[in-house]
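One structure is given below, represented as structure tokens, and several questions about it will come after.
Each chain carries a letter (A, B, C, D, E and F) given by its place in the written order, and its residues are counted from 1.
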Amino acid sequence: MRTNLIREKWARDEAVLNGWLAVPNGFSAEVMAHQGYDALTVDLQHGVNDEANLIPMLQAISTTDTVPVVRVPWLAPGIIMKALDMGAYGVICPMVNTRDDAEKFVEYTSYAPMGRRSFGPVRALIYGGADYPTHANDTIVRFAMIETAEALDNLDAILSVEGLDAIYIGPSDLSLSLGCTPTFDDVDPPAAEAIDYILERATAHGLKAGIHNGTTTAAKARIEKGFRFVTVSSDARIMAAGSQAIVADMQGSLKPSESGGY
Amino acid sequence: MRTNLIREKWARDEAVLNGWLAVPNGFSAEVMAHQGYDALTVDLQHGVNDEANLIPMLQAISTTDTVPVVRVPWLAPGIIMKALDMGAYGVICPMVNTRDDAEKFVEYTSYAPMGRRSFGPVRALIYGGADYPTHANDTIVRFAMIETAEALDNLDAILSVEGLDAIYIGPSDLSLSLGCTPTFDDVDPPAAEAIDYILERATAHGLKAGIHNGTTTAAKARIEKGFRFVTVSSDARIMAAGSQAIVADMQGSLKPSESGGY
Amino acid sequence: MRTNLIREKWARDEAVLNGWLAVPNGFSAEVMAHQGYDALTVDLQHGVNDEANLIPMLQAISTTDTVPVVRVPWLAPGIIMKALDMGAYGVICPMVNTRDDAEKFVEYTSYAPMGRRSFGPVRALIYGGADYPTHANDTIVRFAMIETAEALDNLDAILSVEGLDAIYIGPSDLSLSLGCTPTFDDVDPPAAEAIDYILERATAHGLKAGIHNGTTTAAKARIEKGFRFVTVSSDARIMAAGSQAIVADMQGSLKPSESGGY
Amino acid sequence: MRTNLIREKWARDEAVLNGWLAVPNGFSAEVMAHQGYDALTVDLQHGVNDEANLIPMLQAISTTDTVPVVRVPWLAPGIIMKALDMGAYGVICPMVNTRDDAEKFVEYTSYAPMGRRSFGPVRALIYGGADYPTHANDTIVRFAMIETAEALDNLDAILSVEGLDAIYIGPSDLSLSLGCTPTFDDVDPPAAEAIDYILERATAHGLKAGIHNGTTTAAKARIEKGFRFVTVSSDARIMAAGSQAIVADMQGSLKPSESGGY
Amino acid sequence: MRTNLIREKWARDEAVLNGWLAVPNGFSAEVMAHQGYDALTVDLQHGVNDEANLIPMLQAISTTDTVPVVRVPWLAPGIIMKALDMGAYGVICPMVNTRDDAEKFVEYTSYAPMGRRSFGPVRALIYGGADYPTHANDTIVRFAMIETAEALDNLDAILSVEGLDAIYIGPSDLSLSLGCTPTFDDVDPPAAEAIDYILERATAHGLKAGIHNGTTTAAKARIEKGFRFVTVSSDARIMAAGSQAIVADMQGSLKPSESGGY
Amino acid sequence: MRTNLIREKWARDEAVLNGWLAVPNGFSAEVMAHQGYDALTVDLQHGVNDEANLIPMLQAISTTDTVPVVRVPWLAPGIIMKALDMGAYGVICPMVNTRDDAEKFVEYTSYAPMGRRSFGPVRALIYGGADYPTHANDTIVRFAMIETAEALDNLDAILSVEGLDAIYIGPSDLSLSLGCTPTFDDVDPPAAEAIDYILERATAHGLKAGIHNGTTTAAKARIEKGFRFVTVSSDARIMAAGSQAIVADMQGSLKPSESGGY
């Protein structure tokens, strides 16, 4: 079976640089996949991606060695199993708030006897290889999102669920849940403390920790703290930011001066 | 009929800042349309856009005041008329090399008696208003691309065709055609001279001149020279460049140092 | 944040005229959006719409001031949150049968501390404006469908859930559930009584009441009774009815008469 | 091979009632196909249909006995042959202005020795049957659009081209070309005379005449004059007109009266 | 209402030959629908099909008498009801493991008073006919998948749920759940025994039994045993197997021999 | 630049095995791309593929080393250049009947000074590499289809056009044009002689010859004769043939025998 670069990097204690795909399109996914990210996550939860365009996006990523990850919309077996059948090598699951949530997540992502994933790796066989069924459980990566006060309360119970590989923090949701302003990098103190706490506990349980960042500055600081999976920005945000820079830079040059000349 | 901001800006001798859409998707088009460009061009010639996604992209642009422009794949009546019927307020036509080409281009884009555009402005009526048929000829903008040695030879004959509103220069194609290296901004001297010459002749004929740029630096310099429609980069290039910057910036921070720490 | 015309009309005690979109297409949505409806609902529950075409349909509606509403397929957090992230300003949720259902519905549609909506208003920021996160809870409209005998039994418990803005009646489902013939307007007496009862209780609880109608006659009568959100027919039904009228009208004119002439 | 209902009706001197599809969607096409039209034309020329959605639309029509017709965007061999390969039983070709145009049209739509249609009836074999290649030339119907002053000048030359089955008049384009106001039914006198003249010459040459109508009134009058293929309105126009009627009818009932009550 | 060929065949004690659609496309579905299968199942659970392409696939099947069946991704009311509204005449539901699961499945697929299916048979009315609402409960076929050890434990409780029409066995999942190697035909003895047991109990309860097969050999043997709904292979598997045969057969002929000649 | 396996094989005098894609879908394309064909051709001429699905199909092929080839609908610059910009490494052009046709074909597929291909290799840069512009002219393969009596008359004039790399024979069209029955393998004698003649002349001019086959038997015989690019069947034909075999094999086993038992 094709190996999972995320696991390989982690084995060497390296951090994984993850890109984020909000534009529901195979061509933009292919452009992103050729820029050197270690992994790319198709976000099915927020925004505008859907199952129908997941396949061309995963195919586009498959033209490179970048690892395909999917954030599913919710802890629901149908879409989680389908993302895996389509060839995702990592699954990020939102709102894992209780031990029961975490157990279900592992169950849905693992073949028996480890779990109850239904058998039918239609595209995963093509992407992963003929021995996918034998190695899938140990190859794919399961990220549980820790992003609520409730999850904080249940943290050790969640982290001790066997089969869970990593946690992923959405700083915005975590902030909101703690009564703070939703943002990615400069979060309010209670959210900052919670992030540190989650990182510490995850590491203590032998799990890797991932987090969403708005800037490389935040991502670098978080790697130094111990995060080993960092997302920076997204395709749509990069496009918007780059355009804003162009528009701002051009603004003063689009009209004749008071004197009439350019 | 909804007015054309490009014509309004030109009437005030202002330059139009144009964005370029290479990603065949309505959501990325909507993101781009909200960043402040005066106009956005959907490129049907090079790359991956096609008729099927033209409509959602034009609809996305229509959620703003940004002017929708289409670069058609070729001087062919079917797609030129269809782009207008779909609500394009500007058409950029590649490879206008002869006076005959220019006449056909005006003919295809104009209702009788000015031309032979077939009648059926299905979406243009929705976008432009009920009086679209009466004002379309005077509202839409026709850009002829001057990008070959042959076009240079026929330049005055092309520019004197009644109804042509503007020219648009593709520096890469023009360079190639003149035996120079294809690039956007720092073109070889023969191409640079040709660009100046086209600008000078277009202005002399009362036409506006537009040009494709890789950077704002080039765009500003060209506005100063007299160009009044400047494209800077594209959605896909911005996304790639922004990602490359992120990946490069993160590169040194993804592995533990020789000493083992981060 | 862009205001919600539905709330504005309700503040003036006006009734909202809602159109219904069953055709999964952005162009038909755009045509519908330009006919003067106050709101348009994309129906993801019955028929043929799906997430993949929701975005172009919402974009098409966004070219006008018509309020975009989505009827979700079921009380499920994934799709409810996604419809909001995509920019829906109203959500109609089927089969709200218990107080617990209603609480979950409010929870899924509201940011903390009011609820548990996950944060990521990708397109809602574009449609609503940069301050969307602050005002979303108070701007969007939550419609709980009351359409079963079970819901009737729990009516006051449902209606007293804080955060619920309105109810919406599907006369067909309500009829079916009460053992009556499923229809929109001329419902059987038990269904008619139930409709009156729901309207009366909703009004008593300070909620607005909405209902599906087949004809303007029914819609007008229901507004007089107190309904403040009325749907009349749908894109597909209008298309079918108009075609049937044409076909019927032409029928006698398509064949030569017995005498051989037309 | 499946017979062509258009030819069967014509053999009995009956008129064919044609519906018009402007919405690029398979579901709206299926709804239209079940309303009793004899034929349905997918319009690839004006508006928003494209090759990508032609297949689902033709499949939707194929669930009924309604005859699938395609109006191609232009007299171009690629799309004309493809529409036939996809199973169209009729082709309407715009802007047939000269005898040469008409000859090319027949050539592109007919297998050797009658013409030069390339062989590859991929879906036509499924729709028409295994003997499609043998009977296609005699089964499909070729409509040349007569809609310009130039075509009027060349009318007899066009109509005498062997293999042409019918003409189709676009009253709007014909009006425009003759300096009249573009409309469907109540055309200006010069256009009206031209229509009568085309009908008379087509009939004299043994060809059937078709025409686009806005209303059943016009369609009936034109059948009486001798037209044998009449289009009435379109899916999008019916939807818009029906919605306008609803909105207008509701208008007075959406606000409380001056006195405050409804 | 259009009758259900599956029920008709079963009434004559005939076995139904079912084809399997893994390619998310309307054209491949149409090709498959014309090859003589009694039924075709669109698989929404494993692989790459999704709601967005379900409609064109069902339309493609509707051009023939082949019965359209949908395997839904999971026991979830939204997609089960939608598949029926779209015109599916059979629903295969994965992972029916308890009596409660089976009761919910019947509930979701049946109108009141038999169940709680919501009313809105948008496309089902077109496919089935105007009296669809009256006969749907008795016409559609409900297949519960028995594929886990848990389901075996609850077998009689599941099979005795009123309204359930049939069971369907996925030999791979059943094997996995029993600790055997996942495969279609030559399953390990514990799985083979379980299959026999399920067949025996289903028959005893008056339900029909269906099963997935890799080859016709297995399918025939299973019909002899008593199965009355057999799937053989799938569109994608047939395509892959046929290609492998071509590639293997050509392999020795693509290079010149040692001696240099072919 | 990524090398072209077709040219490498030809340099070793090996024959290229080409698969044919008629199903307009990225997943079926990916399945086909993993079966071992040397090249896969997306057919845009006949049947149901279109520009909109070309990108996902080419991306799917790009997940392997199989060479992507496109048969364009016609000798038209727009689509030929676009197919190359999208990353096609081979182009098959139908109906090259004259020397002028062949010259235009080379012109459209080659950058200056060799031709007039417009510059904008949007996806080709991603697939081929950054030096694509420098090597494209020498890397891509140009196939002119020789398939009419007219082309036979002009054969040497066509074959002597500099830059043409290969010819491709469509036995069906060639047969039709010569008054023979259209078929792939067992063509009538005049067509067989024409095929031999084309092969002989192409070889004499130093061009490679390719041909469409229905079976491996025909393909092998033609390789022995000297063809070096052979297509066998297509995705849709393989799927239909495999299904027919299954249906036929099952036919006798689906009903109880006369005696009542199976």
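Definition applied: a contact is a pair of C-beta atoms (placed from the backbone, for glycine too) under 8 Å apart; a residue touches a chain by one contact, two chains touch by 3 or more.
These figures come from a predicted structure and were not determined experimentally.
Ranking all chains by how far their C-alpha centres lie from the centre of chain C, first place goes to F.
The pair D-F is the one among D-F, A-F or A-B whose contacts match those of B-D for more than half of the residue pairs. With centres taken as mean Cα positions, chain F sits 34 Å from chain B. Computed centre separation for the pair chain B/chain E is 51 angstrom, with centres defined by C-alpha atoms. Rounded to whole angstrom, the centroid-to-centroid distance between chain B and chain C, based on C-alpha atoms, equals 41 Å.
In chain F, 22, 24, 27, 31, 34, 47-48, 50-52, 55, 76, 79, 123, 236 are the positions where the chain touches two or more neighbouring chains simultaneously. Viewed as a contact network, the protein chains fit none of the simple shapes, being neither a path, a ring, a star nor fully connected. Every pair of chains in contact is given here: A-B, A-C, A-E, A-F, B-C, B-D, B-F, C-D, C-E, D-E, D-F, E-F.
Residues of chain F that touch chain D in their complex: 22, 24, 43, 45-48, 50-53, 73-74, 76, 79, 94-95, 147-148, 170, 172-173, 176-177, 179, 182, 236.
Interface residues of chain A facing chain F in the complex, by the touch rule stated above, are 26-27, 30-31, 34, 55-56, 59-60, 62-63, 123, 126-127. Put simply, chain C touches chain D in their complex at residues 9, 12-17, 19, 22-25, 27-28, 31-32, 34-38, 47-48, 216, 219-220, 223-224, 230, 232-233, 235-236, 238-244, 246-247, 249-250, 253-256, 262.
Interface residues of chain E facing chain C in the complex, by the touch rule stated above, are 50-52, 54-55, 76-79, 81-82, 85-86, 111-113, 116, 118-123, 133.
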